[in-house]
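Below, chain A partners chain B and then partners chain C, in two separate complexes.
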Partner chain A sequence: MSKNKKLRITVEVFREAVLWIVGGFVALPFLWMTLGSFKTQAEIVRIPITFLPERWMFDNFYEVITLINVTRLFLNSTLIAVTTTVGALITSAMAGYAFAKLRFRGREATFMLIFITMIIPYFLTLIPSYVIVYRLRLINTYWAAIIPGLANSFGVFMMRQFMMSIPNDLLDAAKIDGYSEFRIFWEIVLPLTKPALASLSIFVFMWSWQDFLWPMLIFSNKDMMTLQVGINYLQAVRAGVLNYQYAMAGSTIAIVPVLLVFLFMQNQIIKGVTITGMKGGG
Partner chain B sequence: MARVQLENLTKSFGKVVAVNSVSLDISDRSFVVLVGPSGCGKTTTLRLIAGLEEKDKGEIYIGDEEVSELEPKDRDIAMVFQSYALYPHMTAFDNIAFGLKVRKIPKDEIKERVEKTAEILRIENLLERKPRQLSGGQMQRVALGRAIARNPKVFLLDEPLSNLDAKLRVQMRGELKELQRSLGVTTVYVTHDQVEAMTLADRMAVLDNGFLQQYDTPKEIFERPSNMFTAGFIGSPEMNFVKCSFKNSTLDAGEFQLNLTKDLSDIIRDKASSSELTLGIRPQDISIGGVSEKTGDTTNIPAVVSFVETLGTSSIVHLSVGDTPLVVETAKFIRYDEVKGLKMNLKFDLNNIHVFDTNGDTIF
Partner chain C sequence: MKKKVLSRKMRRTLTAYMFLLPVLSVIAVFVLGPVAFTFAISFYKWDFFTEPQFVGLSHYVDLFTRNAAFETALWNTAKYTVLQVLLTTGMALLLAFTITERSNVLRIVYFLPVITSSVAAGLIWKYMYEPRYGLFNFLLELVGFPGQPWLLDGQTSLLSIVIMDVWKACGFYMIILLAALKGIPSIYYDAARTDGASAWQRFRWVTVPLLKPTLVFVLIMNVLWSFQVFTSVYMLTQGGPGYSSITVNFLIYRTAFNFYRMGKACAMSVVLTLIVLAISVFQMRAFRKGGMMEY
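Here is the complex of A and B:
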């Protein structure tokens, strides 16, 4: 074996090792949760820890289904996430188009204002948002979960940046060919924005699906709440005793749609990360 | 087919006046080129005709109709862009058919018109391709096809050839001129390339700083530029300009003097606002004699060679008369190392000299 080849193999082995180690760190909590969902509460908190369950407690899942109305909460979560995603896509694309391509007074100032809201932490807006929703008498309705997510400053920013790269000549050509502003947007610009729209839809869907704090604030009605809020209830569901196994089983159920989205749209997500330089979920 | 008229057309962007009171009369079926350096207002003028910009003042007529309040689609014009502006998600066929579909022309007729257009442009075999599968020249043809298929009153072309390589550009230039002649559609063409302007135009409009400098045939503009800007902009290499003063029928440039005929002297006396003038002479109107020996002969001007560009068919010789640089183009094949630093005799063709007033206007 030549010296060169040896070196190459060493580098290759080292690279693989690093990937496995980092991958392991990322996967560990996920694995812990999934395996934990099959353990008893006692086993979960026991020291020394056990990795694989002593006895596979499929009952945990059955318990979860009886303790909370999983189907109902699952549908709630889906309805809220899908509606939010569709709405945010429409508003982001339209606002992005206006900021990227239309000339109007105060355009840059308005955009800056929207842009600045991106750096305000989510938690700061919780109380004012709650007050607004409360005064509108929307507590315990789907609207309370959907409306705040309909306009997404990150989405507006992302669509604007993407649409700015579409040449103006293309829009001018369509104008001369006889298209109205809306048809230019709908038939020329939107088709060319598909990759960005796909990425944005994944981001928004995952954000909405994983959101916990806001739905917890606005939903007290057990039939209205989302899956994430329901899981939180599972922890303390039996007389003040912590029930990690149910919470873990519920989380394992809740992660399935996100996992499916990831499996089916892997390429799109990776593209989205490269377009925006940020990762989905949060 | 239509005549296009602009009357006192004005357009500002903020404080910059991009188009300043431009009036042009573009006759039916003619090919007019708007030419000038970047920022001169030529593209803005074209976009005003198209309706992509709103005028501040003035009128735009296409045919007999004042169109400046009409939407671009209602002006019956077609435009070709420098970037081609083909819709990336549509095939060449759909790109050409697009404007027809919007106008709700029956499907059969659209197909017929697209195919006929493709035949004219020899792109029949490319119709099913998307723009990214086409070369620059092919995209250019599809973009032209989109304009032709519409059969509009006026073609507006914005630097359509400048993204092509040099060889293809010359070829397309020829085809474009031929095409315009056979279709007979009034055409307004924007370019910064004066060679393109000279070869394509029936008449050319030279613009600078938003002002129309001159509007005439290429020959007339080349031979009788209306001012120093036009004289300098049109022609390659650029016209030589030498500051001089006029005294007793003589133009005195300091380093050399030119004796003028009585007729020319009379014109200067008649028109010039002062005795401080600028002499203009094209590089092609100076001839190089042998190596200079004599002195005191005012028609033979001794000049030192500083640099030579040998182009094969001609040579461009850079010389200096004292501190005054001059450029001469000669058909002779001159090699730099043979003439480096030599003193040569220059002869000005006095029939082709130009004299400009202090403000830059042409005296003759």
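Here is the complex of A and C:
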């Protein structure tokens, strides 16, 4: 009996050790970023390396704010991510409703089309999308960043899966009461889909906020670009010199707001990832 | 009477397409149109600014006969995918099985890289990989190992990218796998236990089959995404040194937007797509044969 207990304690200790060691390695880059953002250029390249900065000073942060227009870029990123999210939620829910609850000619074919767009590589459409945006003179506009994200085939797929579980009787009853399809969608189906909408919104927002390649291609104007595009420029702002201190300060500025949002709503976010993952899988 | 029924059917179809209109119109402009355009341009020589010239299949012939960069990029992408998917899934499984209800802080820590953008992650890791004043070599030398050149050497550059991406992705897959594990009804374990099944037998005959659908989904998703790796390559190595860490997407990007060889870049995208589709079909069939179990 006591041998059994000893074994259980050993397993427990081993388990905790694994978790904390891996956790330490996962957290290390964030620690190193924070420390680096306070160091001077000279201290960054010093050998042997120093752990804590000599002086805790905010010079790098001030410098970053003058090098890139942080407030403006932050607002750009927020505006683009929020608009894309709201738009994609509406379009996905509408399409998901049609696929889940309406019977119409061409349903299988159109759904197959959506499914295929979900697995074709992004790069197959990248060059022509750029050409379209360029020809429409939408370079350096928010439209170019927002519109392509409004068709989210993953979102459509997920909303369809979720809406299929809504009982038909409910919709039939509403139809007998003389509701139009649109009113059924808006007043009955949409409120019932809230959990799925919440998870999807987290996904779309994270994806849009972190997106880099597309914004980098369409934004050259320093006041229009997103935060991700902006902080990428920080590593090479002074020709010939590596500027890790600015890059670290910029990364800190970019990560802290996201971190706060995450800490604030971690349960919803993790639940969102879970539901989305499971829905996609089931 | 018949006419009325028909018209109602028509009206229903029309209503449905009203609901589909926003998504379908964006897909038409930013997916279907572009796909056709990419196929078409792959038969032309085009520098974006002047008139395209028809060159037939010559881009494709070039890609498969005398284009060393493309061949290397394909190999690197395959290597990256295999390594990244195996390591990420392994780590995610390990964490999902070890983490407990009490590890709230750790759950947050593991998830932090997921919410970190690839750009910020790339900047931080580049700084840590720095051979002279980076953190990794300092730690390696501290425990008695020689420092590594990491991103600056062709032998280690691709692996260094893989390591960062495993760090970035494993928390995400851990959360999904964890939910699947928790979702297995405890009644199955109880039943197995009353039948006298050992811990290993319970794992083999309850956990594994019930976890499989989620694991399959995670694998398919990760393979599809890995094959299209771009930002981490862009941030860490730009494909270098030489071609040692170039991947297909990065090569397409460079061919199109640095060298303005749009036709050739489109041909590469077409080849990439065919490979990705082939892999997806193969994966889905292989897993279906292995028995996708729903519960």
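Structural remarks
Quick note on the criterion: the second predicted complex is superposed on the first by the 253 of 282 C-alpha atoms of A that agree within 3 Å, B and C clash if a C-alpha of one lies under 4 Å from a C-alpha of the other, contacts with A are read in each partner's own complex, and residues count from 1 in each chain.
Criterion: a residue touches a chain if its C-beta (ideal position, glycine included) is under 8 Å from a C-beta of that chain, and two chains touch if they have at least 3 such contacts.
Bear in mind that the values here come from a model prediction, so they are computed numbers and not experimental data.
Taken together in the superposed arrangement on chain A, chain B and chain C fit without clashing. In the superposed model, A:Ile65 makes contact with neither chain B nor chain C. When the shared chain is aligned, no partner comes close enough to touch A:Leu79: not chain B, not chain C. In the superposed model, A:Ile147 lies in contact with chain C only, and not with chain B. Looking at the superposed arrangement, the partner reaching more residues of chain A, out of chain B and chain C, is C. After overlaying the two complexes on the shared chain, residue contacts for A:Leu190 are found with neither chain B nor chain C. Legend: residue contacts after superposition of the two complexes on their common chain; A:Ile139 is shown touching neither chain B nor chain C.
Annotation: superposed on chain A, chain B and chain C show a minimal Cα-Cα gap of 6 Å. Those residues of chain B whose C-beta lies close enough to touch chain A in the complex are 47, 50-52, 71-73, 77-79, 81-85, 87-89, 98-99, 102-103, 146, 150. The residues of chain A lying in touch with chain B in their complex are 167, 169-170, 172-179, 188, 191-192. Residue ranges of chain C in contact with chain A, taken from their complex: 9, 12-13, 15-20, 22-24, 26-27, 29-31, 33-35, 37-38, 41, 48, 91, 94-95, 98-100, 103, 105-121, 123-128, 130, 132-135, 138, 167, 171-172, 175-176, 178-180, 183, 213-214, 216-218, 221, 224, 227-228, 230-231, 234-235, 248-249, 252-253, 256-257, 262, 265-266, 269-270, 272-273, 276-277, 280, 294. Chain A meets chain C in the complex at residues 15, 18-20, 22-23, 25-30, 32-33, 36, 44-49, 90-92, 94-95, 97-98, 102-107, 110, 113-114, 117, 119-129, 131-132, 147-148, 150-153, 156, 181-182, 185, 206, 209-210, 212-213, 217, 228-229, 231-232, 234-235, 244, 247-248, 250-251, 254-255, 258-259, 262-263, 266, 269-270, 273-274, 277-278, 280-282.
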